[in-house]
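Input: structures, listed below.
Note that chain A is present in both complexes that follow, paired respectively with chain B and with chain C.
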Partner chain A sequence: MNILGIGIVFSRGRGIDCFEKALQEGWRAPSEVEIKGKKSFAYQVDPQTISDKTLLKKMRRADKLSRMAVLAAADALNNSGIEITNKKIGIITSTAFGAHVTTFDFLNDILDHGEANVSPTTFSNSVHNAAASYVSSALDIEGPTLTVTQFFFSFHSALQLAQVWLDEKRCDYILVGAVEQYGDVLGYIYDSKLKQASDGRIRPFNFTPAYHVPGEGAVFFLVSKEDPENAYCKVEDIKIRHSREGGNPALRQAQGDNIVQADLNIIDTDGMLSDESVYMSTVSPHIPTAAYSPLFGSMMIGSAFNCTAGALMLKKQFYYANPVMDNPRGIHLINNARCANIELIRCIRYSCHSEKAAIYLRKNH
Partner chain B sequence: MISITGLGAISAAGRNIAETLDSFSLNRRTAGPVTLFDTPLKYPVFEVKGIPDKYNLEGQRTLSLALCAIDAALKDAALDDLSSYRVGVCLGTTVASQLNDLEFYKSYRTTGSAPMTSVDRYLKGNLAEFISHRIKAKGPALTVVNACSSGTDAIGVALSWLNNGLCDIAVAGGADELNRVPLCGFGSLGIVSMDPCAPFDRDRKGLNLGEGAGVVVLETKESAGKRGIISDLFLAGYGSSSDAYHLTAPHPEGTGLKASIEKSLSDAGIQPHDVSFINAHGTATHDNDLVEGNVLANIFGTGLKMLSTKGFTGHTLGAAGGLEAVFTTAGLREGWIPASTGFENKDDAIPLIPVREKTNIAGRYAVSTSLAFGGNNAAIVIGRM
Partner chain C sequence: MQKDNAQELAQTRKTLKELLVKELSLEDINPEDIKDDEVLFVEGLGLDSLDAVEIVVLLQRNFGLEVKDLENRRDIFYSIDTLAKYIYENRKNI
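This part shows the complex of A and B:
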């Protein structure tokens, strides 16, 4: 399948052009946040970024998570230039924590007003699939609309399912994406479990100790079997290898877990694992490595943002420099932005169980 | 052809299939007050009593229910050791996907800190990931969070996985516990009845919440054949559609539901007249039953045999699609369906009358439908050779 359009909302703005600008400009300090009196950092989406008055007109009560998802999905459609009337379009939204901020608002309701006096609006917006539902109604898409959740590979699973739905012709096009919202409770949990970068700078090649800075945002791809000239790239394959598969060669072969010689490895190091040295096994002295998490922050769905960078690089045939290049292990990095012949990019993510997922993006011909 | 080789269910109607069929046969239902947590809300609910000890996981009731149903389904499928198979796990839920522990949040809100026990449980408790690790499955794992159609959608996703070679066997369905947050939330929407629910009845006053887990083991014909398993039951089709209309209300014309049923029938390669009965979503809310009853009558005609099993289980949210898939399959296998309990008086606005008593069925196909918050609609077709 091919990526025909991309929509993105992140701390530095909205739209693929904005993301490309961030790739060109490099790292910028995230905003300071306060969690119960303690100063911290987070890559937060400015309310102005999601203040669209046309698309969001009918969804005044929607929360930030839904707004980010709707805008990213709408932008992916617009970016593709595809006219969707009378087309079979599906929506697959992935998330790790979903509408947790609204869920905590609902718990505030219970604590402040009692169980019999809670807000129905807050409750209905706290349901995990509210964001996908808003995408469906805002864009008038009546195809299958699914929300899926996992902590490490939700975007990979969503992309894999999109491929399957296209293969079996359930849909002609699919808006497949990922969305996550930052909130103070999540920040507190991250701080309790992981090491926060005290200067707000994620160092993706430090590996251990690994430092995080929470992020938020949404990415949607419009994917299809169609291969128009303006497509970004092909999603050649999505592999998710579970640790339970162990050393069984037959099963590993069945999962297609072969080593592929890519032109670039993009790794999802962002401090969401306390020790990211497992990524050392994937880097190569012969293949350059990149990680763009310092541009958008640490998220369980960070792969979607890194894949966006990969798709842009394949379309533009251009390497964007790593935004933070602290490199204590001497890894072969992309140190400066430059034109390049890029055929295949491998985006890699590990879970806390050392399970590995890879998305292979290939140049369209 | 995707065979159904195992069934597992636990709900207020029974802790296994045999107990459930007894409840169905005797038209026995067990709605009562909430006992799982303190609440001032007096709605009747359908709680599961007596989850077997070996499945009990402290603070993780949804996972306990899921484990119980999955263990039964795997035994039914004669699957003891999964190490030689590519087994996918696709499960729907609502509650297990949310970090909504009130005590954790209360502590955080009041003192600025909170013990991480409930967070740890949550982070280790993603339904499909947890089950996949627990049963040592070696295939894809995915938790579907599509509100009340989650279980049906999870079964549909598993069907796609199997048809496209991502796995050879799939454990699919849904699980959800009774929880304070949806109880308060549904109460605030004014759609919870103070009486035992009465799906499709003229005087219906709303839904009752329930809990449970329902799981089917799906398998490619080749895989079942290699294991020497012969099953005459199969998952024939799946359809899903969005209303693109409203966050909580179904489209008045039921456009999404109609599209999802039609897609499931075309997937199965059958016509409406091939369907012997429908296990409807039938929540007993005014809007759901009105829209669903009219759509079903429109597609299948007014002579359709139709029931809602929510009168036995309550609305089990993310588990509903899984449980109802199991009940639908069991109906085809046993050759009868129970009375649509709670129904007494025909609603003149709904052209269909649910079955009033235990009813024999003879056909080869049945449909189970789900409607959900967010305007999601899903339908599956189950067949018997």
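This part shows the complex of A and C:
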């Protein structure tokens, strides 16, 4: 399947041009937040970024998670230039934590006002499929809609499902995306379990200790079997190797893991694992490595943002420099932005159980 | 006494308008733009059935009033005026 359009909302703005600008400009400090009186950092989406009055007219009740998803999905459609009338379009949204901010608001409502006096709007926004249903309603899409909520590899699973829906001709196009929201509870948990970057700078190649700065945002791709001139790239494969399969060399070989020679490895190191040294097994002295998490923050769905960088690089045939270059292990990094011949990019993410997922993006035409 | 009542009603109307705009996320509307006798639902302010349930919750939380039998009490929800009068009359009985 091919990526025909991309929509993105992140801490530095909205739209693929904005993301490309961030890739060109490099790292910028996150905003300061306070968690239980302690100073901390987060890459938060500015409310101004998601205040599109025209698009959000139909969804005044939507929470931040749904608004980010709708804007990213709408931008992906616009970016593709595809006219969707009378087309079969599906929507697949992926997330790790879903509407957890609204869910906690709802629980607080019960504690504060009793279960008979909770807001029905807060309840309806707290269900996991709310964002996908808002996308469907705002964009008048009547095809199949599904939300993949899982802690690890939710975006990868969503992409795999999109491939299946296209293969079985269930849809002509699919809006497949990922969305995550930052909130006090998540900030507190991250702060308790993981190492916060004290200067607000994620160091993706430090591996251990790994430092995180929470992020939030949404990415949507419009994917299809069609291969127009302006497509970004092809999603050639999505592999997820679960831990129970890790020790089986025959299966690993069958899956082609580590055999395919990519022109670039993008690794999802962002401090979401307390020890990320497992990524050392995937970097190569012969293949450049990149990690763009310092631009958008640490998220379980960070792969979607890194894939966006990969898709842009394939379309533009251009390497964007790593935003943070600290490189204590001497890894072969992209140090300078430059034109390049890029055929294949591999985006890699590990879970805390050393399960591995990879998305292979290939140049079109 | 009559002046006090009028002032209390006016204050209730003002509070209600502010609460409606905030709790129902009426982003493009200023509280002062809502007329006292403007129809709240459908052709007026454009509120819907979910907003009606939100208003019930809002009355309970902010004024301690419980509206039972919503279907037969539509007259209360006609406008800011009718809501304010309902609040004014029923708060005295609490």
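Keep this in mind: the second predicted complex is superposed on the first by the 354 of 365 C-alpha atoms of A that agree within 3 Å, B and C clash if a C-alpha of one lies under 4 Å from a C-alpha of the other, contacts with A are read in each partner's own complex, and residues count from 1 in each chain.
Everything that follows uses one rule, which is that a contact is a pair of C-beta atoms (placed from the backbone, for glycine too) under 8 Å apart; a residue touches a chain by one contact, two chains touch by 3 or more.
On a predicted model such as this, the values are computed, not experimentally measured, just so you know.
**Student:** With the two complexes overlaid on their shared chain, look at chain A and say whether chain B and chain C clash or fit.
**Tutor:** By the criteria stated at the top, chain C and chain B fit after superposition, with no clash.
**Student:** For A:60, using the defined touch cut-off, is the partner it touches chain B, chain C, both, or neither? Pick first, second, both or neither.
**Tutor:** second
**Student:** With both complexes superposed on chain A, which partner does A:168 reach: first (chain B), second (chain C), both or neither?
**Tutor:** First partner only.
**Student:** After superposition on the shared chain, which partner residues are touched by A:113: those of chain B (first), chain C (second), both, or neither?
**Tutor:** Touch partner of A:113: chain C, not chain B.
**Student:** Considering only the touch criterion stated at the top, classify A:83 as touching first (chain B), second (chain C), both, or neither.
**Tutor:** Touch partners of A:83: none, neither chain B nor chain C.
**Student:** Given the superposition on chain A, which partner contacts more residues in chain A: chain B or chain C?
**Tutor:** Greater contact footprint in residues on chain A: B.
**Student:** Between chain B (first) and chain C (second), which does A:141 come into contact with in this model arrangement: first, second, both, or neither?
**Tutor:** first
**Student:** Figure out whether A:229 sits in contact with chain B (first) or chain C (second), or with both, or with neither.
**Tutor:** Touch status of A:229: no partner.
**Student:** Examine A:242 and indicate which partner it touches, taking first as chain B and second as chain C; both and neither are also allowed.
**Tutor:** In the superposition, A:242 contacts chain B only.
**Student:** With both complexes overlaid on chain A, what's the closest CA-to-CA approach of chain B to chain C, in Å?
**Tutor:** Superposed model gives a least chain B-chain C C-alpha distance of 7 Å.
**Student:** Go through chain A and flag every residue that touches chain B in one model and chain C in the other.
**Tutor:** Looking at chain A, the two contact sets intersect at 116-120, 124.
**Student:** Mind listing the chain A positions that touch chain C in their complex?
**Tutor:** The contact residues of chain A facing chain C are 53, 60-61, 113, 116-121, 124.
**Student:** Write out the stretch or stretches of chain C touching chain A in their complex.
**Tutor:** Contact set of chain C toward chain A: 23-28, 50, 53-54, 57, 60-61.
**Student:** Touching chain B in the complex: which residues of chain A?
**Tutor:** 36-37, 91, 97-98, 100, 103-104, 106-111, 114-120, 123-130, 132-134, 136-137, 139-151, 157, 160-161, 164-165, 167-168, 170, 185, 188-189, 192-193, 240, 242, 244-245, 248, 251, 254, 353
**Student:** Which residues of chain B touch chain A once you look at their complex with the stated criterion?
**Tutor:** 39-41, 86, 94, 97-100, 102, 105-106, 108-109, 112-114, 116, 119, 123, 126, 128-129, 132-133, 136-147, 153, 157, 160-161, 163-164, 166, 180-181, 183-190, 240-248, 255-256, 259, 372-376
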